[in-house]
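In this document, chain identifiers A, B, C and D correspond to the written order of the chains, with residue numbering beginning at 1 in each.
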């Protein structure tokens, strides 16, 4: 029995080793378009509108509308912040009833069911962050066909299933910010590792692909050690970060957290291991979760857009679409307190460049 | 005579070592597997056995080990609790909410334990007196706890926790406190289950309810008591879980309950009840973090972690089934 | 007498369902529309199909926790066989269902041969099958299915969602098997007293093997419909669906100890849960509130049913 | 001399059924008081009342002259009453020492279980029971039946019991073990313990009992000193009528040999059994529990297929690998454990009756509800099953009527060979008589019947021939004319191989 146990464990581990790939970055394998190394802006090509059109929409211009915000999941700080943005925009606009409801797990089926129910209940607009771009498409198309306006944020669906998508930052922009940030801390020949959510999460996989391409293009000597999964689970992220440090020892100079859960957890791991200053951590993170580490001097800086602004912008864009002030072909849209936002790639509203939170500015943010 | 299996076993009983292995077979098996993993992986990458990594491996799943102590008792009785994951999430959030509201830390640590005892005692009453199967009760409780947690916290992370509250980050002689909790509670529970009449009664009821009645044990009362105790361990596990980092999420790891149940089962608790100790489940919890760490060290994608665990569960329980067939 | 008891539980359920329907209709005028009701049918199909087979499994006194993972593995099989291996899609669908059947059969063989408790055996394969799904797919989604494929999950047939026909057909077939066919009698006998069933000349092992294989196949069929409904394949599909299916079956009056339960009960259980999910959402209750209600209803229904039952003994 | 225990006018009813009526019984110190009666006579009910498991509906119970009322076994224990249960209520995963002391283990200074002293005390106890070979640390699940029995007795004695109830303690023991057990009983008696001893074995009763009380149909027939009675008197007290009356053995002309086995084996449990049964013949198989009788039946019925040897049906060699194959060859088996093997108690009579013939009464796999009902109604009538209808739950019937349902379900397969394992266990005398009559009728119709029974009067009364099994072997074949309690009993207990099972 003991033999059996050991044997199977050994076998499975060996089988796993044999199967393991050499360098597995965790990217999605789709084509990439890394930005220029020097930061010169990418040429924004104006392309024709490629979003969907809402059918038989009632004319609600200026009238009171009710909208629902469906994030990937509820119960994590990031989407709590976007929900706050949605609520703020609704308050600023004055003629929008907004509500946030989402699945308790990042589960495609629950999200679809939820949206479907809201379509039936007859809301006027939906803002969403998709768990899967394809899976969510049918139900969104159904909403469009019933005269419901649909705007995405954070994680897109296929373009033909929504009108507009508010992009927090372009994929290659985030990739550049993260890689440049880590490179500036650990040097051009430093080695780093990534803690991501799961390899199945499209957004993270996209970023990682872009990061990999950008590293190859602009920081060719940097060593990408490996990418590990930690779901949206802070204890697991913490453990994985620890394991990375233990595995690579002095070789590991930096960790990039790809989720707002992983980055503070990795920071905590570095702090608890007394490796502040020896291992740099950066990544995507909410300022509130990072304040102890950045103010304490353990971590230099993390990258993120303002998720509240993201929710805010999505709501503003939706209102503009309902009112007809935002039409296919427009190149910018007015978004309340956020001012004018650019529109690229046919139907993508750009929130702006990602913000790097450092000791200097982090206390100005509260989300 | 040769047709009784007992004959084959009897001559061995003179050897104390064999006796030990026979009594703690599954525990020994887990320990050996753990050693095999440690030896193999550290040969490939010596960093695996670095003090920091050992610390992480032992501490990383300490809260799972603590929760598995209670789960072991529940399974010994022949029941199961699939709500333990959600419960740990709820109790951790309660602890965190109290902490940021400025209550003294001992209140923040004690209240979740008491709430855990209360909730599980209610489950125990439904199981023992209303005779609803434990899996049905706890299936319902999962929904109530999960929904309740989101409704109450609105999904907001609890941050700005006072440093003195973060008990899981305390260290003594460089070893994080969860390790002490895990070891002390495991030994305390192990000793209690061996030396306390109440502890022995768990084995009696799990092994043969009717026989237990004839020796004066009241199975219903005992069941409620064990569930309450299980709630206490859940509460302690929740505090350890919630204080490990600087923030408390209102979600728990996916399938946390399955991990805890698996730790108990791999640790040697017979799912039919009546046999097993808490030492095995604690070893199993450490074993899990050793495997999960080994996967990173061996560059094996975490995809395979689940497959490995699945094979392990099947192998151990198969071994248990085979051994049982030998006994009866 | 047995049928009388069942009638009682089903009466409670039916009353609850009527109550839930009435409440939902009262709370939102959009609930009682043909459109919404049919659409709810589309939503419940996957859980429903799995619950059909799960009813048989639980009546034999077993449980199958691995169905969610089998769903994931079959979905991945479908995607990989079609896209990576280039097998024609109709054939890939067959292969996917076969893969599910094999997974189910493996469960059955483990349970029969090792006499491991089904809960533990399928807890093991739950992890194993999900691990395989993730390993095989390397976590990549498969997309780009042809348009005709979506007929199954998104299309309609005589104005009713395609998969609802499938589900309806399966419910009827399963109800006939369970209620009127020899196999149904064997299923009940195995659950109520396995030894007596064996001594009555029934092939208990074959029945169990068939039931677990069917459970795997149904999970795989649900996977194909699911993929067709959401247009994509992911390795995390179906996570946790086993609990939904088990809840529906148990709510439907099937005893977790085996020997008792009906297809009508399971159907009522599924409908009740879906009605509450839908009705509460339309009434403005959020998802977290809804699951609290469902959890409470599950415990209360079984509690009431148990109390009624005990009084009668 | 004061009695340790005195029962006066004790009655017990379940629902509206009276199982004990006005029983008077007493036990004196240093006495073995045997309790006898057929199955269903009320012995177990009486024992359970004394042990505190059941509370009497009427009457008075005194321990050491003091009136008592027990509401739990624990209270009976506290009064010095201990029970050695027939089904052995032990914990298979725990050790010998712990099984003995569970619930009243020696405590240490902080109230903890003192394992060292517990093991030492267990050792002393076992030694006093002449069992120095029994390891106190052995896991009970690995022990032989005889050793478990000793653990049970040690458990009873561990609480200073003054009264020990022993419920058929030798039923499963081979001769040497049974003798050893009787020695233990004598030791206890000599220590002044009062023993209530339940047994079917006449020889044993006469060897050990001081007084004998006979129960029949819940009524006390009488208490006699051992030297006042002889075996035939006891038997007629138990049975209540002439054996010839109870066992209506009809003369039947025997037909051809229907079933024959040659050197049939099933592992170690059935060894080289060769027997034959003719049409219309009733062959009784006697033996101790564990002698391999049931195992032989299970082998012929395909539950545990033969590992060697041959089975011939109507002269043709056949292989039987499953009950279904056995059924198709015309073999039916009425199992010994009605509740576990014979019936699905939670289902209706109707459903139970068609279990073995599901395939035969269905078309296109659809069960013919019409045929099902008519078969059930017909069976109820034919076997006069007392029920309110075919839809009554089988578990609600009395033991005798449940047994008739089992018989009915197997008669529905139209068997040529009927194996009946303990066909009258736990059913009342009336139902017994009906079963015997039915057996006679079936034999007259040309069915070959193999009857396995532990009730010797029944075996003697009904069989044309008696086979005796011991340790898996057929050790004797006795024609009806030569069969007596003594001859059969001797063959049963005489170990073919004089080896000790336990070292």
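Heads up, the rule we're going with is that a residue touches a chain if its C-beta (ideal position, glycine included) is under 8 Å from a C-beta of that chain, and two chains touch if they have at least 3 such contacts.
A quick note: this is a predicted structure, and the numbers were derived from the prediction, not measured.
A count of contacting C-beta pairs for B-D and for A-B identifies A-B as the more extensively joined pair. Summarising the inter-chain layout, the chain whose CA centre lies farthest from the centre of chain B is D.
Chain centres here are Cα averages; for chain C and chain D they lie 45 Å apart.
The distance from the centre of chain A to the centre of chain B, each centre being the mean of the chain's C-alpha atoms, comes to 35 Å.
Rounded to a whole number, the gap between the C-alpha centres of chain B and chain C is 30 angstrom. Among the residues of chain A, those touching two or more other chains are numbered 19, 74, 104-105, 199. For chain B, the set of residues that touch two or more other chains comprises 146-147, 149-150, 254, 301, 303-304, 307-308, 311-312, 318, 322.
Shown for chain D are the residues in touch with two or more other chains, of which there are none. Pairwise chain contacts present here: A-B, A-C, B-C, B-D, C-D [touch as defined].
Touching chain C in their complex are the following residues of chain D: 303, 322-324, 326-327, 333, 335, 340-348, 351, 354-356, 358-359, 362, 365-367, 369, 391-393, 396, 409.
Within the complex formed with chain C, the chain A residues making contact are 19, 28-29, 74, 99, 101-105, 107-110, 112-114, 116-118, 120-122, 132-138, 198-200, 202. Only residues 63, 110, 114-117, 119-121, 123-132, 134-135, 138-139, 239, 243, 246-247, 250, 256-257, 286-292, 294-296, 298-299, 302-303, 306-307, 310 of chain C touch chain B when the two sit together in their complex.
Listed in rising order, the residues of chain A touching chain B in the complex are 1-2, 4-6, 8-10, 12-13, 16-17, 19-21, 24, 73-77, 79-80, 83, 104-105, 199, 226, 228-229, 231-236, 238-240, 242-249, 261, 264-265, 268, 272-273, 288-289, 292. For chain B in complex with chain C, the residues that touch the partner chain are 80, 82, 126, 130-133, 135-137, 139-144, 146-151, 254, 258, 261-262, 265, 271-272, 301, 303-314, 317-318, 321-322, 325.
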